[in-house]
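Both complexes below contain chain A, partnered by chain B and then by chain C.
Entry: the complex of A and B
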């Protein structure tokens, strides 16, 4: 099978190296071209993309090279392409668009403006030593996902490999019903960003471990244990090759099925004990609470430390978008919040102040004692 | 004819006198003159003996000038030492004895020179015979000077060739008006020699008294002769005998019933006023150190090692060298203006560092315009901002090299052969001296903070603003003047005069106050300005350096992805070849280390770009810093302990993030240096907390610690434990040891009303520095 081709537009010094690095992985094939003027570029892309490419990589600042004719940025080109594809319902022009740049440039321009973020399916940084294998895998998965969605546009169940009816009906409401129109990109980007990346119906490996009460680092048996939570608990819909996720509702069922007990009511120690007992996988270690926490009734993780956490002993993390009712919040441990590691949700401010006051007075009591 | 008869009579008397066994030359001269005066067709000038007194007083107005002329005569006579003793000379009637070891005079020279008015000797011979000195004395002034000074002169003089000395005694009082000059005689006799060569002048019955101030003034009048350097040995071989060994004069007072004591000489005219004495030694084995001593800056002598290159290795060739240098900064805050201008005048002509090889002066080192140590050049380059031109020094280097193995003079006698030893000599002396001047700069700063008199810089002392004083004084003055004017108009009659006088006195004192404070203010500003300019210049250089590094890092960064890509490619391609695999792995490891290092610099620079003023929580500062140095910590094998924070909301008053980056980097860099010096497994620990009004950050390391006596010094500009790099070193080399780091930390803290100081080291550490900044209590989140 021939490799998936990406077209890469960039005129920076390091572009050659990025192309070679991605190509050397053998996972995808990337062709590099220098940007032309906006009109020329847009027109040429139509031809090129139709013929041979499954995806497009754009450098953020195509306007940075004074010698180049290009006087536009990646978001403006991407916007034009998305718009064209949308009004013409041109499936050929629906493909993943990837943004790449240096950390500095992303901080300076892209991060200050949110409206363009939806245009891109993935962003990677060109600095220092990019993890080419990981990037190439993501790019490949995105291109494959787009193709799959195009071919199965009316079969949401097939796209996510789960019966929509089993899920909260609010999740896909905007894609269902009569006279509903949306682009491939709309759906692809919704699945990737809302379903896969935000905890909710799907959870990642870290949260999975938290719910099972397992300390991944210390548990040699973790990989074996994952075997018990394979399909259908494991997500196999689009983008699953590069984004490993598990259905959270099916996880609970599976646990009950395995152990006969309801997982939410148990402590980490109890969960791990039951797992060892019923799977005969011995090398499992229960996760322990973070400093300034006592509960091991884990459900989520601390976004800063990436370890199990009980939401009752956590503060919500700030995100630039409030989660939908069917999604979960992301959390920070009290310790991370007190150490100002990570940004807290505005609703947690007062609570955190009270915690600080309490801790300071305890500390003073210790000193005076 | 009465006249003819008179002539005949005179001729008769003359021939009678000439016929005598021992004719009286006085009578012969007088008769001849009488005869000549009666000449019919020719007429002649004659000179009245009173002219001596008149010329003496008119040509030599001041007694100080008179003595200085006699000292210059000694110099002109190729003396290298002259000694003046003022005996019982407080009041008139004393004696002045001037002894030199010059060439002396033989009878002929005495009669045709000294005893002949308006003699042409100094016109015929503008340079001295032996050392080819440019004659300093004014033509024909010497004898009148002695006349001006006292009523009796005794000259004892002898030359090398003579077997005996000549002693002449002149009683100036015998030169009375109405006597013919040639008729006044003085005695001359032959006596045993009192020294090898030279002249003694004994002036008795001094016409005026001499105070110490007057004597010192004489010394200053001879400034153009003075060379505050050791005398060179005189060469035995004729060929080089003309090398001028130098010239010294010393002035003593000898009172009755007392021992002679020194009034002024080189030591107390020059060296006693030096800001610092710098010495240096290279031992037989090439080990070297320099030392500094400064009474003015309360710095007792202390030695510092120095050597080849930055590592101060032993010198390879150089050995048995000693130098001593007196350091002057011509600043009115350091030298009173008349002493300062005198020394500077001499320094302009003679300042510099001379070389003596086995006691013999080697030319042209230390001559005017000779810059063998590159001091003037270095000053011009402005790399080191401390004053260190040749004119800032009087000094000498002594080379012991009996065999001539190390140093030899060129065959043309134009200096030493430029070999490795000589190069090391230049490096040794130059680096020692420049390092010492930097040390002095740093000590001066301390003086600024602690001196009792002069400028007060310590923030604890409420500054008396001279400007305000002047304003106040002016206001006083105006009020008094107004009062006086009022009194005059509404005057109460008689009493006016009395009160007017009182007012005048008050006005005068106020005016004096104004003047005094104006002067003070000027000095103060000048000093401050100099220090500021030095600092600003240094900061400018540092800023420039920072920009270059920033630009460099930015450019380098762009190569990194390519390095990474190609390294991965290579590793993959050579998998089958074990040797190539090892090489590729090494290449990759090096690229990773290089990348880490670049990222360290890049992050540092990025932190410095933020210019926003905002309350900062110390946690944010410390964690950001930890993140930046993480790779450097790994690379350098340091342990960075988990930071500790007591309490929450450790917000500073609004500050720039970049300022904290500067503070922490400076502390970190210093800690790393201290750890390196201690040779310990490095550990660094930061802990933070707050009290009523401040938040603080304690930075601890287990380096070599800070000696107690340096604790309060380390935050001064230019305080450094490193030796100065040579002036040929690159800017970067120079900058790493500038001693500005902690000063910058202090400046930042103080600019926000905070402070920096050394505290009791945290448990298990050797140094803890605390940065204290006013807290911003309101700021939360």
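Entry: the complex of A and C
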């Protein structure tokens, strides 16, 4: 089977290493070119992409090399390509666009500016010893996902492999109805960023483990349990090869079917006992709370420590975009919030203050006792 | 499964009301109302059959909602122990009713249970309290007085949590008109989230929903009680069931 080809535009010194790193994985094939002037580049891309490439990788600051003719940045080129594809309804020009740069440059010239974030499907940093296998797998999945969406545009059920009617009807409302138009990129980017990456109808492995009450690290049986819970709750729609997710509503149903009990009402210890009893997978260990937490009615995770949390002891994390009603917030533990690891949501300031006072007065009591 | 032709339109109407209700709540900052959305979907689903227990009569509507969680963003007054820093309210409700009993002068529900669990937490442990409003449907005849619809203070202490210095026993069952989610949550919000309640009460759509359900569920209840003193012709409900203190 031939590999999926990406075109990579970059003229910085580390570009060759990035290309080789990605190619060495054997997962995708990357061709590297130097940037040309904007008009030339845009025109050339149109030909190149049509013929042989399924995706594009752009260095953020294509204008950084004084010797180069390129006087533009990745967002302006991406914007032109997205616009072009949109006005011409040109399916061939719909492909994933990936952004790469150094952490410093992303912080300086990208992180503060939100309007261009929607243009890109994935971002990776060049200077943090890139995990090429992981990046290549993501890129492959994105390209495959775009192709699949193109071929099945009228079948949302098939794209996400779930009956849309079973989900909150607001999730996909903007893509449904008569005379509704949208680009492949709109839909692909919505599925990846809103459905897959934000917790809500779909949850990741850590949150899945929190809800099942299981400590992943200590449980040798975790992989077996994942296998047990794969059908029908694992997400198998587009991008599933590189982004593993599980349907949160189906998890509740499956647990209820299996044990006759409702998952949210149980402690981690009870959940794990029931799992062991009904699945006969023995090597499962219940997760325990963080030092400053006491409850094991886990439902979410601490984004900083990546361990289970009871929402009663969770503090909403800062977000630059409030979740839709069908999505969930991300949380920080009291431990992380008090250690100033991560940024809290402004609405939690007062509550965190109360908790802090409470903990301090306890410490004082202990010292004076 | 044989659903009578007039039942689906009726269920559609209840589903539409619940959907508007959820939307109004989201408008004032509620999130995680999946449980209501799922109920809406079920009510609209022809394959989801609700029937009178013990028969094959599908002329019913109703729903079962579990673990609908409301986080209180500020603490209510007089919370004790004072160390509690966070409180959340968890609602379970289970109702079943015959469609043709809607807006009549008779008992609207076959089954009705609205359970409110309140959980507080400090840095050492969790604390529990709660109450429920339900319809007494037991076939046994307990000696304690049971108004047909009553509110009872009843803390739902989690298994194994211990009772601390809490004394629990059957507390008085206080007469309360029937509720379902729309009326029941109004009671919870008005008591625990007064600011939110004021916002909701400024919205005609919210008031209209309350009025509709009060009319269907409270009017027969209260007119039946009133019939103890004044003659209300249409009343067919037994007032002695509602208020065993009448004689």
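Convention: the second predicted complex is superposed on the first by the 363 of 369 C-alpha atoms of A that agree within 3 Å, B and C clash if a C-alpha of one lies under 4 Å from a C-alpha of the other, contacts with A are read in each partner's own complex, and residues count from 1 in each chain.
Keep in mind that, in the parts below, a contact is a pair of C-beta atoms (placed from the backbone, for glycine too) under 8 Å apart; a residue touches a chain by one contact, two chains touch by 3 or more.
This one's a predicted model, so the numbers in the text were calculated from it and none came from an experiment.
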When the two structures are superposed on chain A, do chain B and chain C clash or fit side by side? fit
Looking at the overlay, what does A:359 touch: chain B (first), chain C (second), both, or neither? both
Who does A:132 touch here: chain B (first), chain C (second), both, or neither? first
Given the overlay on chain A, how many degrees, to the nearest 10, lie between chain B and chain C at the CA centre of chain A? 120
May I ask you to decide whether A:104 touches chain B, chain C, both, or neither, giving the answer as first, second, both or neither? first
According to the stated criteria, A:155 is in contact with first (chain B), second (chain C), both, or neither; which is it? neither
Thinking of the overlay built on chain A, is A:292 touched by chain B (first), by chain C (second), by both, or by neither? second
Touch check for A:220: first (chain B), second (chain C), both, or neither? neither
May I ask you to decide whether A:340 touches chain B, chain C, both, or neither, giving the answer as first, second, both or neither? first
Just the number, please: smallest Cα separation between chain B and chain C in the overlaid arrangement, in Å. 16
Based on the A-chain superposition described above, do chain B and chain C contact any of the same residues on chain A, and if so which? 359
Tell me, which parts of chain B touch chain A in their complex? 557-562, 564-566, 568-569, 572, 592, 595, 598-599, 606, 617, 619-620, 623, 645-649, 780-781
Along chain A, where are the residues that touch chain C in the complex? 165-166, 168, 249, 262, 264-265, 267, 270, 292, 294-295, 310-313, 323, 325-326, 328-329, 347, 350-351, 354-355, 358-359, 362
Which residues of chain C touch chain A in the complex? 26, 31-34, 37-38, 41, 66-67, 69, 71, 73-74, 83, 85-86, 88, 119, 121-126, 158-159
Which part of chain A faces chain B closely enough to touch in the complex? 12-14, 16-18, 20-21, 24, 102, 104, 126-130, 132, 338-341, 349, 353, 356, 359-360, 363
